[in-house]
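If you scroll down you'll find the structure; I have some questions about it.
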Amino acid sequence: MDKNKFNFKTSVRVRTYEVDWQGIVHNTIYMLYCEVGRVEYLKHIGAALDLNKVNSSNRVVLSRNEIDYKSPARFDMEIDVYTRIAEIGNTSFIFEGMLRDAATDTLIAKNRAFHVWLHPQNGKPIPVPEEFRRLVRSHEGANLLENPAEPDKA
Amino acid sequence: MDKNKFNFKTSVRVRTYEVDWQGIVHNTIYMLYCEVGRVEYLKHIGAALDLNKVNSSNRVVLSRNEIDYKSPARFDMEIDVYTRIAEIGNTSFIFEGMLRDAATDTLIAKNRAFHVWLHPQNGKPIPVPEEFRRLVRSHEGANLLENPAEPDKA
Amino acid sequence: MDKNKFNFKTSVRVRTYEVDWQGIVHNTIYMLYCEVGRVEYLKHIGAALDLNKVNSSNRVVLSRNEIDYKSPARFDMEIDVYTRIAEIGNTSFIFEGMLRDAATDTLIAKNRAFHVWLHPQNGKPIPVPEEFRRLVRSHEGANLLENPAEPDKA
Amino acid sequence: MDKNKFNFKTSVRVRTYEVDWQGIVHNTIYMLYCEVGRVEYLKHIGAALDLNKVNSSNRVVLSRNEIDYKSPARFDMEIDVYTRIAEIGNTSFIFEGMLRDAATDTLIAKNRAFHVWLHPQNGKPIPVPEEFRRLVRSHEGANLLENPAEPDKA
């Protein structure tokens, strides 16, 4: 995962209640930080989530989540949350997230979150809408991998 | 708060991720345990929450929460969660929760959670439905304080 | 609780995973926001928490938490978190927190969090250290109530 | 992932505050359920975590987490949490978790959690202790893959 491929970054600061009994950020919290990154990314590219329209014609689900823990985060650390959409297939797309200590640029964790676009009524996968694809393409440029012959599962 | 006034008890076991950097259960988690107690209580008395009907004719909100922390809970502790409805007013009712170490009966925390019944459309307080009042009265018996002249706010 | 008595404010933005099945921020999350406020307040007045020194000579515990819910917060709302220390007694002090919608100034919730200073070894209440008292007094000025004859419990 | 290879099962019940704005359990909560499973598994095989000894001679970290979401869990669902250690390498081991609806046996999610054993002082990987290996081998029997030529990373 190459930091230079990310065109979007937001940041979070570690809160007391995110630190576990070991004095480090709990393993699921890193995934929440990546979720914060995805929400801000979508706003940034003009595809903001509208939680008041969850039953609308768009329905996207997370099908798989992968995270590699590289270095623990600690209380009050400011963390840079890099976010990009790395791949768009026919009915799915992959968000990548990278967490780095803002002070030292130390790599904290890397996340890949696989999403699938579903039909709002029957729940079957449907093609990623062209409008969404266009917004992502416009933001990601040449770094975006579209319709890979063989989707990268890991 | 008198343990003998509680006719219902459930239990929870402290999980790793509920323990904070001090090695004790985080202060908001005790309130979540009391919420678990309230859900099980409602099932027990026959007034189960139906989260699939949140927009139905019943709408109850939490208006105030109070908790006294008496002794910290620790990892893997089994906690008895005592729950009762202590008071029902015209449009509101008060849940009491008491957390005790199941092994030693040590008091861990005491919670009072004030609820108000709202009109589902206009959001104004409406009288507690007779059916709910009847179920609570049947379970609590003489311990239930109904329509106190002056609601106990603390 | 008077907004003008608060000399410190920070802010948080509501995250996806803080919203519950009702589409509003879960009742315990407001307390977490107030905890964020307290941490930033302590940094601001020069009394920062050091979570790497939890076994040091200072040990402060939360003994009671009260919150009044006034208006629900929703996804992506920016919330102003007002924080002050309202009272310092002999061995205890009270943090007040007030949450307001940053866009409209609508009151969301009010919190009072009662803290007690404990002896690090024997766990008995000890006097609030003079250094801490001085830092708070310096920040709060005339709004700080010191050693009230009768502590305000609610 | 084959249900028949799991020799240990515990269960959890979905709580109100684990359900998100979509009415389904939030994506990180499934990982917490798997963590509950790992804790109970370790107790069951006689290798219980002692959170009061975190600075002792044993130090194990989570290096990677993978989860496939198959079917959403909902409020009040009882979930069977199957847990096993599938592989032990020289310095690492892999926990597998499988979540199934207890009522219908519907597959909800599958998790692989990669752990590494570290030297408590210098933080470098060290061999998995023989005692731990023996306890796992005794519980898992022939299903346990030991020292695979090529560790399965995904």
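Order as written gives the chain letters A, B, C and D; numbering starts at 1 within each chain.
One rule holds for everything that comes next: contacts are C-beta pairs under 8 Å (C-beta built on N, C-alpha and C of every residue); 3 or more make two chains touch, one makes a residue touch a chain.
All of these numbers come straight from a predicted model, not from anything done at the bench.
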TODO: Since subunit C and subunit D are copies that touch, just let me know if over half of their interface numbering is common to both, same, or not, different.
DONE: same
Open item on the list: Using the stated contact rule, I'd like to know whether A-B or A-C comes out ahead in C-beta pair count.
Closed with: A-C
Task: Taking each chain's C-alpha mean as its centre, the one farthest from subunit A - done: B
Open item on the list: With centres defined as the mean C-alpha position, give me the subunit A-subunit C separation in Å.
Closed with: 32
Open item on the list: For subunit A versus subunit B, what separation do you get between their C-alpha means, in angstrom?
Closed with: 37
- [ ] For subunit C, write out the residues touching at least two other chains, lowest number first.
- [x] 16-17, 19, 21, 23, 28, 32, 35, 51, 75
Open item on the list: Tell me the shape of the graph of touching chains, choosing from line, ring, star, complete and other.
Closed with: complete
- [ ] Give every residue of subunit D touching subunit A within the complex, in rising order.
- [x] 21-22, 27-28, 31-32, 35, 51, 54, 61-69, 153-154
Task: Contact set on subunit A toward subunit C in their complex - done: 15-17, 19, 23, 32, 35-36, 39, 49, 51-52, 74-76
TODO: Write out the stretch or stretches of subunit D touching subunit C in their complex.
DONE: 16-17, 19-21, 23, 26, 28, 75
